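Below: a set of structures, written as structure tokens.
Both complexes shown next keep chain A, but they swap its partner, so chain B is in the first and chain C is in the second.
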Partner chain A sequence: MICYPYPKVTFSPVREHLKSWTAQNLGSADTAAIQILFSLPKMPDVQTLVNDFLNQLKKRKIEGSQATAKLTAELLRSVISQQRVPHTNQATALIYAVRAVGEQLIAANPVELAVGNIVRRVLHIIREEDLSLATAAMAGLGVSAASDDEDDMERDENSVLSAAAVAAAARSTLRPPSLQTLLEDTPDSAAAPHTSSSGGESDGRSRSVDKGSRVRKLKHDVIEAVNELIQDISTCYEQIAEQAVEHIHHNEVILTLGSSKTVLEFLYAAKEKQRSFKVFVAEGAPRYQGHILAKELAARGLQTTVITDSAVFAMISRVNMVIVGAHAVMANGGVIAPVGLNMVALAAQRHAVPFVVLAGSHKLCPLYPHNPEVLLNELRSPSELLDFGEFSDCMDSASGTGSLHVVNPTFDYVPPKLVSLFITDTGGHNPSYMYRLIADYYSADDLVVKRRPTAGS
Partner chain B sequence: MSLTQALLEHKERRKKNSNAVMTMVIKRSKPNPAIHQSRLGTDELFMAIDPDTKQLVYYEDRADQSRGILHLDKSLLVDNPSLSLHHDKQVELLYFGVMSLACDNLINFLELIRLAISYLQDCYIDICSPEVLSLFTDNFDYQHLRRHFVKGLLVDDIMGYKIFVHEIHSDYAARVDNFRSYDTVSKDIIHRWTYPLVPDVMNFGKTATKLERQGMYRALEISQSQSAVIGPFTVIGSGTKIGNNTKISNSVIGEGCKIGSNVIIEGCYIWDNISIEDGCKLQHAIVCDGVIIKSGAVLEPGVILSFKVVVGPEFIVPPYSKVSLLQQPIEEDSDEELEYADSTSVMGSQVDKSDEITSKVLETHFTPASELGMGGAGHVWSTCESGHEEEWRHSVAPIPKDKIMEAIKTMEDDLGFIHDDSFLPPSGELIPNSNDSDDDDHEDSRDDSYYFEKEVEATFLRAVHENIQESHLILEINSLKLSYNKLTSDCAGALFYAMMKCALDIPHSSADGLLQNVQVVFTKWKKALTSYLNDKDEQIEVILKFEEMCLESAKEFAPLFTTILHQLYNDDVVEENAILSWEDEKKDADEADKVFVKQAQKLIQWTLMDE
Partner chain C sequence: MDPSRRGPRAVIDPIPKFRQVGFFAPPERSQSGPPDPTHSSPQISNSLSPVMIPPARHLSENLLLHAPPAASPLRADSGGGGTSFDSGDFFPAPLSPALPSSSYSSRISGDFFKGNGGKVSASSFPRGGFDLTAMKAAAAPSVVVPASELTTVSVVNDSLGIPEKEKGSRAGGPAVEVKDQPNNSKQKPKTSKAERRALQEAQRAAKAAAKAEGNKASGTAASVNAKPAKAAKPAQKIENAAVAAPEKKGGEIPPEKDRKKDAPQPRMQYDDKSRVEKAKRRAVVKQTEARNRVELFRHLPQYEHGSQLPDLEARFFHLSPVHPAVYKVGLQYLTGDISGANARCIAMLQAFQEAIKDYKVPQEKTLVRDLTAKVSSYVSYLIECRPLSISMGNAIRFLKSRIAKLPLNLSESEAKASLLSDIERFISEKIILANKVIVKHAVTKIRDGDVLLTYGSSSAVEMILLHAHELGRQFRVVVVDSRPKLRGQLLLRRLVEKGLSCSYTHINAVSYIMHEVTRVFLGASSVLSNGTVYSRVGTACIAMVAHAFRVPVIVCCEAYKFHERVQLDSICSNELGDPDVISNVLGREDVHHLDGWANIENLQLLNLIYDATPSDYVSMIVTDYGMVPPTSVPVIVREYGREQPSFLFRNFGYFCLYSPVLEKSANFRLSRKIEPCILIICNNSF
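Up next, the complex of A and B:
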């Protein structure tokens, strides 16, 4: 156990700090606004970074939710690190800054839900860190009052635990405890894969009530946690793939559609564990990403068959399991997925084949879908379907022959009742459980990422 | 489209060949089969491209719509063993058969035509090297990028600059240079061919736009009546208000517009801050910023309203009219200036400027009853010289039905014609055509000989007046002979003509006087003439010329024909052989032509006797 020297604590500063903390958290709007005004001027390089990223998002230059999520998290990390924080209300200032950037990012590509997810995750991290710091302070106060000892003292496991317990208690007064915090109350919780927000370690380190160090502390902790988030995003394949062996058995036939790196790694992990099985790959018109996946799989020694999208119904009776990737998972357990997957899901349901969706935790979106076929869809260029030159005479509206319209949607919405199982980096979950999982990752205050003049929490 | 690939190719080529100064981007597209017109209303286009190197060897765009013959330089075909010809109109291809072409290339060529029927569209995107800039400085008189610059570059073989092409397939690229292409490109954007450059992704304004079913783009803050019907493929900007029972389809409506009740809008482009009152009907029109259309007004297809025009109530704006607050520029302006004025005031690239002007104009020209009904403001521009043809070709309105019918009819006629004598047998048939330059030659030579005679005459007169030596005169005439590519006999005839004319011009009282003049001239200049008369043919030519003169230009000589001929014989200008063969030639001629033969009969007999 790592131990830190604990500075001398006097009664009054702590109380004062507590006062300011409560004031901030209960939303004393004026002071918060003043602090924010103070902290608004940012380093120009962050602004250029943000603008670059916005531009790329707008031009749809970044593809894939994983890449987007990672880039977003990295951007937010630099925003936080560049953000000057005042002595009081640091959390509010950070939240405000992240929100301001996040709002722009979400507006730049509202269809790429991973951006919004990461922004909300980071906001949640800031809140959690702030809370844990405050509770640590409270715990420290309690301990110092109890022990009445003025010297530096060595803290042991128990005191950390008590700090966490106080933190949990403090949180519970504000909102219902999340599953994660409940889990973390147990001593072994530090080993859980997602210790991102309030691990015992950071608690231990943050037992300082000195104001100056606390300023740096919060920012430092948040950046640490965001780093962990980035780590999580980049390793989510492995964590999902680890579970492959539990789901794929010998001599099974797996069907997938389109291309997904998660699916590729998942299948490959099962193959690594000496499972022999066959894979059917539906090609995923109009972008034919299935061809790429099939090539990769065959190169890795898996027995692969390519079929057209329209042959899915014909082949489904031979299939033991459908494993697909997703673009995003909504709070109700519905899936935004590459176009064609709804058809596959219906086919799977018709033949009672399990329909398994692989999704990293950055794909979990706390929003409920409303009219997802239209509002959460992206119509891409028709040139992916047919050649402009070949049909340009059919599109000449001037001569009255312009009756050809081509629609090229990118996504399908698969309703939750068609999904048998979600596999995330934390394990397998039922669609009806998704809302609970999501509550762990996001705080309810951040569901609407919109800048408001009174940005209290 | 993404320029990366084209740019890469350009750079690669530059490395290999520093003369590759430009890369043009072209795109395949099909023209409307019925009317010979591309979607963008642009002119016809011929391109010849070397398929291997992608070098552009020939470029021709045709401003006039007349179908013509394409002249491909023979050397092009020699230099490029394979060549693909691209054209944006199908029928035109069949006219290739009339081209002047060497026979041995023909079979090869016809095969090529069959291979390379394709339709291209010039995107007007060029990747240029720095040399191009200096070319523009050197040739500051380039007015048209394609017609002057590109063709100039292709024809000019001194610098050896080359132009290459880059063809794009699924990407989208087009140029807006008239109202038709404005309409077409806008529609393509709404149909998302330009993704991600579409209204809901790249919102150019401040407000976000959502795409709904059937291609409806709507900004977030719109107040729309429940009973208003908004059809497919429309864009509606934020802050726009739409009244009851209004129908909008296939249109673009800008920000902050007020549209009243019972309005029908079809295929229109309505810019920002426009108010359209109740009961208006707009079809295929472009309405610029700040226009007010009073209740009940009707805009017929193809109307363009410039900034801040006011259309009076119940007024019907006739089809294809252009309305501006500015007076139409006076006709004496050159075409270019007209176009310029047109583009600034209507297309509005310089909004500020035109605003300034319009406000001025408003003060002076606002009259309660103007050309646009009660309370209207604006001037209807009459169509320019280009006329009605251009109007329908370039307007936003759909092409009228009758035009399409007309076009289909002419196309069928054409096809009939083509079936008659198209697909010429590969062996021959074409050669007569290809040799039709002979006719040209003939025609040319006739012209030439006229000028030649004039020149010789002038030279001779100068020699007479300035007392130039005979040898110098001969030298000058020789040079003329060479420059006009004439025979010696032509020279003889021309010189003889000039001498006789000279003799005629010296004042004389009677026929005897004239004869004496002739004798004087001949004694002086005989040597010059005889230097061209080495042969019998040339002497005959002289006699024929003399005969012609007597008949036409100088009738005074007619009675003296025999005398002068005798004189010529005595002076050894003409020999008896020539006279006899002249008579021989004239045997079959008409009676009228034989006048002089009869007149000279005595002389002829005498010469025969003499022999």
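Up next, the complex of A and C:
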């Protein structure tokens, strides 16, 4: 579990705190350390790419989980493509490399859960591809369980990291027991024998040849799959928007807070389908992105009204549906969302207004939250709320007793009981179903991306 | 028939409470009343002036005296547009058959009543008894004949038909609306606004009284139509009236039907075009309708902000009807220099004090009536500047009741002095002292180690926090603020300067900060009698989040802000602020996405000022009467209202609202309760 205590930014000993805040957010001292730790064989340009991205993450230069997810996926793709893979255990090596990068990325911005999600997705892709290759090969070999074991043993010897776990997991944990995968699996394993490899009597040579082809194939497949993932991320809101007509009816009043590309596309899609409805946009202090959204919506011909965040409760009694975007969706169905949404969700619950969260699949996080309001939150600069100049004088006259403490969190946690529906690119889901949906995207081995201190996966 | 009778029906009064108080002026006006164009009533001058009422009895007399004018048409109609107060509710069929349909009957009864009105109200009241039987006898013939021939159907036609006809007849006449301006200006263009008004009042009062009597008479005489039992009752009651009157103040719960009338009158709905038109015609402040209006809030005034100020400032020195002190306060409301329920209320009362100091009773006028009219005109000016807060409404109601209750034998200067001291006392008792008591109560709820959350800037909460700090309690304050006013910053600055340790955050982060909070202290603009806290927008959000986090919510509100109105949501009655302040974010130059929003089609900005917090979010309300649960608010409203003698007059005020019907059909009767003997004039016999 990610546990990053964030010091609250205060004005009281202002300068020190500002300094610490700066260090927190801009700190690049550990990049060097990261580079040292980064001991994997790697092309230098990948290393620079990684470092650039790390810096951007640390400085919070990348806005929005979609952009972050896309960039992460692209970075990991280049990591994979640049990764020199050994003849044996290529999957393990890839996994190891991705993990090493992923760990740093996650550490760079632990609250940007999309990074971790993408790292896990890529890991999952590698495992899947490896598995499908392995099953295909094994089916072709027609080997027994004994040779399977042998194979594992061999891997174990070759790799410093125990690949046994990976291989074992290949059968048991890698594939979540979903009906779909089960059905897909069956024909796979029962498929006609592959001709790519022959029976293994001369173990050394024929196996290495076989693996050589598998290596290239694996890497190729993985990169293909990552490309698909990137494609998915960039088009996820189109798929979400397609479902808009099923949820927005004529003459409805929709409330949203802040700005989200997904919400914009969703509403616009409904508008394009000749649904006429009104939208209330809460401005979403302190970032006021609601202003942007409102302007966009109005420009696209939707009847839009901007309200202050404080008026949410007043207006919600006339609202038919709350549609919001999310920062991340946790495995329990809870939502990490822009600040203020917990309030909106409570108001919606009070008035029995459906609270609908739109989330692309890259926002689904396989972790269960613990005290997410604090631990998965980030405090931004007080300057967004208070002008320091205005208050500096009264701080001086405060004779030391009074102190001022400005709290400006970025995210809110909306517990699953307040969410009526998730709309993802795969359709609508109940909050209680999220864990299952998430199991489709991630493998259980990857939940903790952090490498263990001792060798071993 | 007085054309003005019809007019008001087309109008909704946005602030009912003082309205009703304002119009129970005693009927002695009839003496100074203008000659009626259709009918000159010699009897009026014959009648005794209420001024002759012995002072000792003035309470009861007030009661009685005020009853007839209660039927004043102006009042009456302002309620007409409301759904719940449709005349049908209060003046159902039984009596109405007494009314002839069409203008015939109304003309007859109008004339008739005009003739008798002065006599009835003025002469009989001082004596403390009503010689109604004689009246009835006199009145009966003229009314009974048509009455007996009537059917309910005709009555229905009547009520529908007359208004239109009259509307037509008085087209071009001055609009009767919120401003309480005279209807007779057409005939008497030279009289001043106040004079005209007074005259009209007088006329109306006389008419109403007469009509009431006439109807009663008809009711008794034509007892076939009316309920016999009810018709019989009044006389009996009246006999006891004099006895009962002195004890009135002891108070007693009014009977069911009276209580019904207690309900506040609906506010002006700005989506009603005709009424808005009329309101506009008499407005001092020229408002321009905002272009991008929010559909959902059509019923509230949505004006361009900032456009009226220069105009008003320019006219500062030559605007006669409004006293400079009031004018100034109005401008301060307009610019937002004075805000906060208490501050606005005090500023208004002090301005009224100034105005009363400079007030002189015009020739041939009575102070009571003329001053009430003056105050009403001030109030309507203030409303144009900014809609009244409920606290101000209550204060105005208080003032008007004081004016109306002035002993009639007081000299002008004595009356003024009494009013000034009344106002002074209201400010010190109901506001300042009340605040102190609230502080005393609320401080007991602050313990060492508490983290107190407050929202916006409430004067009561600020005093509580400072007092607790002075007492040496160790606590932390979380100031939650919201756009666009950011009043929390002002509070924050004052608290920090005083040495309190504070946290500051915006309303969106309230669920983040609520984890550490142990108590929530909120101010309120008003507490409504269903326990709803009507307060600065966002208060409901805070209370809701606190409720969700199981943090007690303590609302601090002086009892003078309580109101018997009920409200379930924040939409039906609210105030809209300047939408432009939403597009410009103070101190954030980087946020300018909505510049020029007014030119974007489909885009509206909504700046709500208030919201309604449901009572179940409120753990406790601290008032000057102690700490009570929200469910006890109606009790306080009732008790508090009773404490003010004006409470009873309110009933009459509500009668006024429906007087057009009353004029036709009301069967006024005096009912005396058997026990503590409260004398109430009620029209519960229809």
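We adopt the following convention: the second predicted complex is superposed on the first by the 339 of 457 C-alpha atoms of A that agree within 3 Å, B and C clash if a C-alpha of one lies under 4 Å from a C-alpha of the other, contacts with A are read in each partner's own complex, and residues count from 1 in each chain.
Going forward, a contact is a pair of C-beta atoms (placed from the backbone, for glycine too) under 8 Å apart; a residue touches a chain by one contact, two chains touch by 3 or more.
Every value quoted in this text rests on a predicted model; they were computed, and no experiment measured them.
In the superposition on chain A, A:406 makes contact with both chain B and chain C. Of the two partner chains, neither chain B nor chain C is touched by A:235.
Shared-chain residue A:392: touches chain B; no touch with chain C. In the superposed model, A:380 makes contact with chain B only, not with chain C.
Look at A:301: by the touch rule set out above, it reaches chain C but stays clear of chain B. Of the two partners chain B and chain C, more residues of chain A are touched by C. Residue contacts after overlaying the shared chain place A:51 against neither chain B nor chain C. In the three-chain superposition model, chain A touches both chain B and chain C at residues 374, 384, 387, 390-391, 395, 397-399, 401-402, 405-406, 408. Chain A makes touch with chain B in their complex at residues 58-60, 107, 110, 374-375, 378-384, 387-393, 395-402, 405-406, 408.
Of all residues in chain A, those touching chain C in their complex are 278, 280, 283-286, 288, 291-292, 294-295, 297-299, 301-315, 317-318, 339-340, 342-343, 346-347, 350, 373-374, 377, 384-387, 390-391, 394-395, 397-399, 401-409, 412-413.
Interface of chain B with chain A (complex): residues 27-35, 37, 39, 41, 119, 169-172, 180, 183-184, 187-188, 191-196, 201-202, 208, 210-213, 215, 233, 250, 267, 397-399, 401, 404.
Put simply, chain C touches chain A in their complex at residues 294-296, 481-484, 489, 492-493, 495-513, 515, 537-538, 540-541, 544-545, 548, 569-571, 574, 582-583, 585, 587-588, 591, 593-594, 597, 600-608, 610-612, 614.
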